[in-house]
Amino acid sequence: MKASVIVFPGSNCDRDAAVALEAATGQAPAMVWHGDSEIPASDLIVLPGGFSYGDYLRSGAMAAHSPVMREVVARARTGTPVLGICNGFQILTEAGLLPGVLMRNATLKFVCRDVLLRVERNDTAYTSRYARGEVIRFPIAHKDGSYFADDATLDRLEGEGRVAFRYCNATGEVTQAANPNGSRHNIAGIYNETGTVLGLMPHPERLADPALGGTDGANMFLSLAETLH
Amino acid sequence: MNIAAHAARAAEGITPEIVAEHGLSANEYKLLVAALGREPSLTELGIFSVMWSEHCSYKSSKIWLKKLPTEGPQVIQGPGENAGVVDLGDGQAAVFKMESHNHPSYIEPYQGAATGVGGIMRDVFTMGARPIANMNALRFGAPDHPKTRHLVAGVVSGIGDYGNCMGVPTVGGETNFDPRYNDNILVNAMCVGLADAGRIFKAAAKGIGHPVVYVGSKTGRDGIHGATMASAEFDDASEEKRPTVQVGDPFTEKLLLEACLELMAEDAIVAIQDMGAAGLTSSSVEMADKGGVGIELELDRVPTREEGMTAYEMMLSESQERMLMILKPGSEKAAERVFRKWDLDFSIIGYTTDTGRLVVRHRGIVEADIPLASLAHAAPVYERPWTKTEPQATVAAEEVPAPNSQLGALERLVGSPHLSSRRWIWKQYDHMVMADTVQRPGGDAAVVRVHGTGKGLAISCDVTPRYCAADPFEGAKQAVAECWRNLTAVGADPLAITDCMNFGNPERPEIMGEFAGAVEGMAAACTALSFPVVSGNVSLYNETNGIAIPPTPAIGGIGLIPDIATMATLALKRPGDVLMLLGAEAGHLGQSLYMQVMLNRSWGAPPPVDLEAERRAGDLVRALIRSGSLSAVHDVSDGGLLAAIAEMALAGGHGVVLDAAPGPMPAHAIWFGEDQARYVVAARPDKADAIHKAAAGAKVPLRLLGTIGGDAIRLDGEPPLPLAVVRAAHEDWLPRFMAHG
Amino acid sequence: MKARITITLKPGVLDPQGKAIAGALHALGFGAVGNVRQGKYIEVEVAESDPSRARAEIERMCEQLLANTIIENYAYELEAA
Amino acid sequence: MKARITITLKPGVLDPQGKAIAGALHALGFGAVGNVRQGKYIEVEVAESDPSRARAEIERMCEQLLANTIIENYAYELEAA
């Protein structure tokens, strides 16, 4: 699998994503500078976490207008899988590739810790290695991670099975206590209509190495490697 | 007084009043005139005032700092550069330093703390290192002081927002609450970076006619007089002065970091220096002075963000996120390309010269023309009078009232402001970015993996101010020893330290005595533990209306774990494992947390540190960790033995069954005494014999404490204390306090 | 010209910041405080002297970047700078 | 009554957000954009019908909480709610 990681000014999980991708695929991804309008032929495009443009104005808003994003949108529209992690998710919503917005956490504070997620589907390129309903552990690290969409949009997302992951407790129950940021419906990640674009706030690349305390995240990259080779 | 008023007065000549406002004594002004050979211009006065300020010149501390050991086979660069450098083997080096941003953080906690973090990171990447971990050592006033909550909230979010945006994990620190910090909080930030040992960048300008290049953000009227402010005692009026606060821009700093590292990969830079306190002045003076060259600046070329800035303002501005470099001639274009790519200002603002002078031109006028030697070396150095802090009597355990219940006391201790969990703080710091944090906050030391290797860097920040207040010498020794112990407890070889010496007004002999005592204590411990000082910072005048902070020599240490597979953590892992104490028990309760929390006062001498015993115990523990003999390790510090055990139980989620305290010492002295050089370790029962033997061989006392198991802390003769209760006490205090108090 | 733009959350969109401010004001003893909403305020200078053209520019900026029109409304005033 | 409060950085105080927004607007092709400053906008409802008392309340709120008067200025308008 050939992946490209887009680097915006202020991206800071680009290397982390690259390390996890290389570990899963055996191949280093291409690192693509935001100013470039060309992206090499890729089986997967990753928008990494960080603080693109300082997250000033609104998280992800300025990066969504970066020259490279026109090309990302075009590729996504023709079916190339695009994975947005944390700031990448925020950019995807701002760019209109995913519905809704990521608002300030209900606590108003940055939060960095592990959370539990329920895998809602395992029939996408991202999740084939997980079981449906499986509870996995990923870290989160964000201040603007509260997923918001209006009722109609939420109904559509739920109806079309486009919720990828939900914050849950150890037994997989979706509870208020398990919601770290006030996201509606405990949404941690969503897909586009075709399941090819995934945006999620938690960081799979941060628990993809036993030395870091877990490997639940590695399975996402391994799923991609197996499905997209 | 505003700048325009200054300028107007200058036209009438420099009055004694103006001199005083610049923080220079009448005698210092005389020295200045002698060094310059004439009366200064206002701009020159400003330049002298910042260079001769306590902050830049170390005039009160210099003679004492010379006593600190700074050498060792691991040291690549000791004090004197932007940060210290130690060897990590394999051609790699760690670059690290700690710095204070106390006064700015009290005035504007968010921006003060944020710019403190930004400043220390610049010190590290200036040397060619990529920052890989941040730490923060915080001292706040009493929890019930009306300002404390606001200050905690602002400082923590300022530190978090800056480090988080930079993508550098903030992996640990320490936090104290004490009424003596009510009006003088301390915000000490530490940064550790990773560099190629053979590619360390320094500040010494070399060569004549080389371009002096300004990069980064534009210059505004930020923090003018910041450096002099940081060196002047607070009074009630200074809260009203509200100096121009520096605002941090972590996004620009992130760009600056990437641009600098990108240019450093090429062969373009002769010397580089960040613009920190005293901005353009100190960066240009230091580079020129270190390299023995002169420097000419053309201020019309300085990128400014405000109209009509004067030479005085430009030379003294403390706008953040700026760097000064001396480039190799011919590399200007390549350098400019890099900085433009990252959307940063780039301007050639001068040249090195062979005159040995700092010449500053603005709008065709020579605003300053000063022999560099007078700025850097003619600054006064004071041997201030000092009086030794009276040592206090050692308190016998019998003199300290016992609690009704040991476990009840434990519950109160771990739920007190002093020992409660700092999770509320570190949760707001991204401590995992860079995906190398192999030991997260909450343990004895944080550990970050050296990227791409199996090596780990352990980092810890330590000092116990109440010990230092009672006995600066023993307290400073203890701070170094505890740092060394915390690094050892995760299995690291301690390498070296940085420090942040926070004290009151050095013009008072008793404060100077605290400083002297602390330096000597540090020196003794650093020498005995082969743990040299490679960088540091002195922050004096931390006092308000004559009330000084307790002496606070914060120690930031790093250590190397050759193979992170052998790293130890404090979490109890296996029911059935045995728990042991390594180190001698003397039941020392003087200045203990037990006294402070249970009796609400502190007295007596702090626990003495036997450095020989410290070394023996540490070397033993490290060897046991490396040989895979231990399943958990934690040092004993604040709160004593029982607190250490409780922290291990909480971290692992396993209870313990403890044997009764051995006589004849009172039980509370055993459980809460803060004797030094001790570790609690856990091991499989079948390893106990070998551990006994190793301890005997190393002459380290060992006592069996009990067994791991259950979900409570059990102590003979007392009802068990459920872990859930301990956890609630430990975790609740800080979030509850921050929510409403 | 100079535009003074205010960006506010649409009615119905939860505003945790506004709620927190209201709570803090109550805690400070401002008992008469009711609903609080927080938004953004942005001043933009535009080198455009024709008001209607300036207006068009500002609106495009708001639509494209300054506001997220899924959750935010914007309003502005123009002023000769 | 309802107060519409705008909080702006004092002149001379660095405004990283404004700077970044200006950069982004330029990149989007809004060449005529000059200086940009970002501030906050807060709407506060107060159960107080006397305008001068409402004014005094709002000012105290701004001084005590809403504005960081070390680096920010505030201004407001009152409106019968």
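The chains carry the letters A, B, C and D, assigned in the order they are written, with residues numbered from 1 in each.
Simple rule for what comes next: a contact is a pair of C-beta atoms (placed from the backbone, for glycine too) under 8 Å apart; a residue touches a chain by one contact, two chains touch by 3 or more.
Please read all numbers here as calculations on a predicted model, not as lab measurements.
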*Winner on C-beta contact pairs when A-D is weighed against A-B*: A-B
*Using the average of all C-alpha atoms in each chain as its centre, how far is it in Å between chain A and chain B?*
36
*Can you give the whole-Å distance between the Cα centres of chain A and chain C?*
29
*Please work out the Cα centroid separation of chain C and chain D, and write it as a whole number of Å.*
9
*Per-residue multi-chain contacts in chain B, two or more chains*: 249, 251-252, 343
*Sequence positions of chain A contacting 2 or more other chains*: 53-54, 56-57, 61-62, 65
*Could you list the positions in chain C whose residues touch two or more of the other chains?*
40, 64-66
*Would you please name all pairs of chains that touch?*
A-B, A-C, A-D, B-D, C-D
_With touch defined as at the start, can you tell me which chain D residues reach chain A in the complex?_
16-17, 20-21, 23-24, 27-28, 38
*Can you list the residues on chain A that touch chain D in the complex?*
53-54, 56-57, 61-62, 65-66
*asked:* Show me the residue ranges of chain A that touch chain C in the complex, using the header's touch definition.
replied: 57-58, 61-62, 65, 94, 100-101, 103-108, 146, 148-150, 182
*asked:* Show me the residue ranges of chain C that touch chain A in the complex, using the header's touch definition.
replied: 12-14, 16-17, 20, 40, 64-66, 68, 70-71
_For the chain C and chain D complex, residues of the former touching the latter_ = 4, 6-8, 18, 21, 24-25, 28, 30, 32-48, 57, 60-61, 64-66
